[in-house]
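Here you go, one structure.
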Amino acid sequence: MTGTILGAPDVARALTRIAHEIIERNDGAADIVLLGIPTRGEPLARRLAQRIADVESGFDAADRCGSLDITMYRDDLHKQPTRSIGATTLPAAGIDDAVVVLVDDVFHTGRTIRAALDAVKDLGRPRAVQLAVLVDRGHRELPIRADFVGKNIPTARSERVAVHLEEIDGEDAVILTGGER
Amino acid sequence: MKHLLGTKDMTREDAVLILDTAAQMAATQEREIRKLPTLRGKTVVNLFFEDSTRTRISFEAAAKRLSADVINFSAKGSSVSKGESLKDTALTLQAMGADAVVVRHWASGAAYQLAHGGWLHGSVLNAGDGTHEHPTQALLDAFTARKHLVGDPAGKGLDGLHIAIVGDVLHSRVARSNVHLLTTLGARVSLVAPPTLLPVGMGPWPVDVFHSLDDALDAADVDAVMMLRVQRERMTGGGSAFFPSPEEYTRLFGLDGDRMARLPEHTIVMHPGPMNRGLEISAEAADSPRSVIVEQVANGVAVRMAALYLLLAGEEQA
Amino acid sequence: MSDAFVIKGASLYGDTVRDVAVVDGVIVESAPASAVVIDADGLVLLPGLVDAHTHLREPGREDAETIETGSRAAARGGYAAVYAMANTNPVADTAGVVEQVWSRGREIGLVDVFPVGAVTVGLKGEHLSEMGAMAHSRARVRCFSDDGVCVYDPVIMRRALEYVKSFDGVVIQHAQDLRLTQGSQMHEGEVSAELGLAGWPAVAEESIVARDVLLAGHVGSRVHVQHVSTAGSVDIIRWAKSRGINVTAEATPHHLLLTHEEAKTYNPLFKVNPPLRTSEDVEALRDGLADGTIDIVATDHAPHASEDKDCEWAAASFGMLGLETALGVLQQVMVDSGRMTWRDVARVMSETPARIGRVEDQHGRPLEPGEPANLTLVDPKAAWTVEPAALASRARNTPYAGRELPGRAVATFLRGVPTHLDTRFEGVFA
């Protein structure tokens, strides 16, 4: 099953569905803040915010969206070459008492999300934290689950899942490569 | 990066990386909870052979905000009363499991020797060695200048800026580190000092030299003025004084209200501290809204967090 | 010492192949049939080397070197005699101390140790020491130096120059303006500016050299300039000689090879006084040595205990080892480059140094029958790598560790006694 798993229309449909699920789950979007995890979580968060704004009047996409760099909270820093640190930007109103939806492209071991939860804790006290991902490829190493999933893709550990996004890569696609077949 | 010993051989790429990382660190320091878990389990030793409370607490704050354990090791002793040798001290720190050693030393080259002596495995951060280098001070100066003078600074250097460094260049590790770093980042640097306080052999340095502050200000607009501290002992010492009197020094090199008035509107005033008010800088200049001297201190913590992060966070390097 | 031996096949001064026979410590016309044969094919035979500038550290710093370990290092380096500098503890400023050093040297018997007397009491530069007493002692001191410090006061320098005339002595000057070099750590120039190490300006040497040659000319005495390190000093000495002033000068192997660039590693092994200078200075020294302006090569062998070198540059002692490496360095710099012959090497490392110290009746003699058999056999093809731990000196502070030198002394004889034999000659005298 290597090759392009999701094309641009699939990505768009998945995001639209997730946006609606977020609204439904939270009885509207009143307290929703979307925090994208760099790099590709950021544009995904912006797209979700835009889709929510499209259906929820009073939801200002630019004002409810931010980015959450988790580099300094990672538990594997000492196992890799030094990573450069990305920006963390929060909505002007902060995240206290908000419902924070963390947004990432690929959900894998859960360690990134663990780091993100720690980072959120240092930034304020949200009423709830939820997780939206475009792809869930399995192989969890921590008791963490996603609230909103674009597509579940069963993978081998040796395979690689690459998410391409228009804003960064010039196209929307999810591509599976590598692995022993 | 394994060590941070000086700015002489630092690439522009590395310098910009440190400044960009410092910018992210500075952002975290505006939060309510300023502590980050990044260097949990790492041990940073502040090894000070020379008193410098300011530099030590800046490094200490930086390490603690990144959750490293900090051990302060004061190994005072002049060149005359040597006390424990650098080598034995290094072996002690190695035995304690220091991941990084922040070293301030009266001897030029001590940080280099500590890093290359084969005595310890950890990273060495030079917090000022004799009259050689003080790289984190230069980095915080560059960071401060970039923040004020460069729009949308991430990823950028100091290209096209003109920075004047005024005072005792001969004995200043801050000046040496700044000359290398600021020029690497694309700035033009002018040194302003009496010839007695400039080193013989600075011919290859990529700088302009002036022997009075007015001459320097006449020659070209400056974007930043960095005033160096004049050490008291340079004025005395019998027949060995480097200039005739403090009054004459102030007349020729002091930054006062009149000279402030001649600076372009956007020009900032920097000083590594501690200041000699009334000697190299007047109270009017030091307290002016264009003075970024207090901000330099805050930026110092961010820059040192960045340096510690970049040296310690990644996998161990050979 | 009744052994008879014959050195077969060596090239005398590198230009004349002839067998040299020795009986009872003296070179003879022909050896008896029973003489031991030393196969010296391809080797160069020189008169035993004489080092005009050695620090043996005894008495006082026997942890760094002793007369015995220093003598062994000298013999290994090809030396048959050394002049031992006076900056010991106690200072060699009395007849008692110089006689003790001299007789200890004799006792050990590996090289002739000629003590140098201090010019001033305690090297303090204030009062002349009793030079006459030292001259008339058993040590027969002719060389006087405050080496380590400069005889700075011009009046004291003048008086010393005048006073030594009475016994044909020489004042050996460590030329360093003390005021211009307070706290100095290395050559003042581009490297010191970059490294932030206090500079030792060339002018601090040159101004004293100029003063001293003028003083020597004025009072008609003899001055010897130690460890010339700058191009300016070479010029001044050349000028003084052209004026007929009685000045001699030495260059050290390290000043002929190394430059201030070595300081960039802050390795105190390269800290020396006077400091390593620029490549232009090195070139001027080589020129001066080749044209005779600089009379001799002297080692300034300066052993230091490891704790005095294994430390910060500014806290480290000045000085480096030299006895065991001098010949190899000189061969590399001057002989292999074609600028000097082995005959020139004999002149600058044996004959002239003997003459300066007025021991030319014993050392630096021609390789002729009737002369004392003070001999050095050099293998100019025995390339070797300097290993500090393998040196005979008690100290380890060689700046040449890991460096390859093109040749070395493979045998040294003092009055016919082998004081150093390479492994290739093992058992020859058994």
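A few comments on the model shown:
Going by the order they are written in, the chains are A, B and C; count residues from 1 in each one.
In this text, a contact is a pair of C-beta atoms (placed from the backbone, for glycine too) under 8 Å apart; a residue touches a chain by one contact, two chains touch by 3 or more.
Everything numeric in this text was worked out from a predicted model, so none of it was measured.
Every chain gets a centre from its CA atoms, and the centre nearest the mean of all protein CA atoms is that of B. When every chain is reduced to the mean of its CA atoms, the largest separation from chain B belongs to C.
Note on chain placement: the centre of chain A and the centre of chain C lie 77 Å apart, centres being C-alpha means.
For the pair chain B and chain C, the distance between C-alpha centroids works out to 45 Å.
With centres taken as mean Cα positions, chain B sits 40 Å from chain A. Shared contact sites, meaning residues of chain A that touch two or more other chains, are absent.
Multi-chain contact residues of chain C (touching two or more other chains) are absent.
Touching chain A in their complex are the following residues of chain B: 1, 17, 20-21, 24-25, 27-28, 31-33, 35-38, 66, 309-310, 313-316.
Every residue of chain B that touches chain C in the complex is listed here, in rising order: 8, 79, 82, 85-87, 105-110, 112-113, 116, 129-133, 173, 176, 199-205, 240. Considering their complex, residues 69, 72-73, 77-88, 118, 122-124 of chain A touch chain B. The residues of chain C lying in touch with chain B in their complex are 182, 185, 188-199, 201, 265-266, 307, 310-315.
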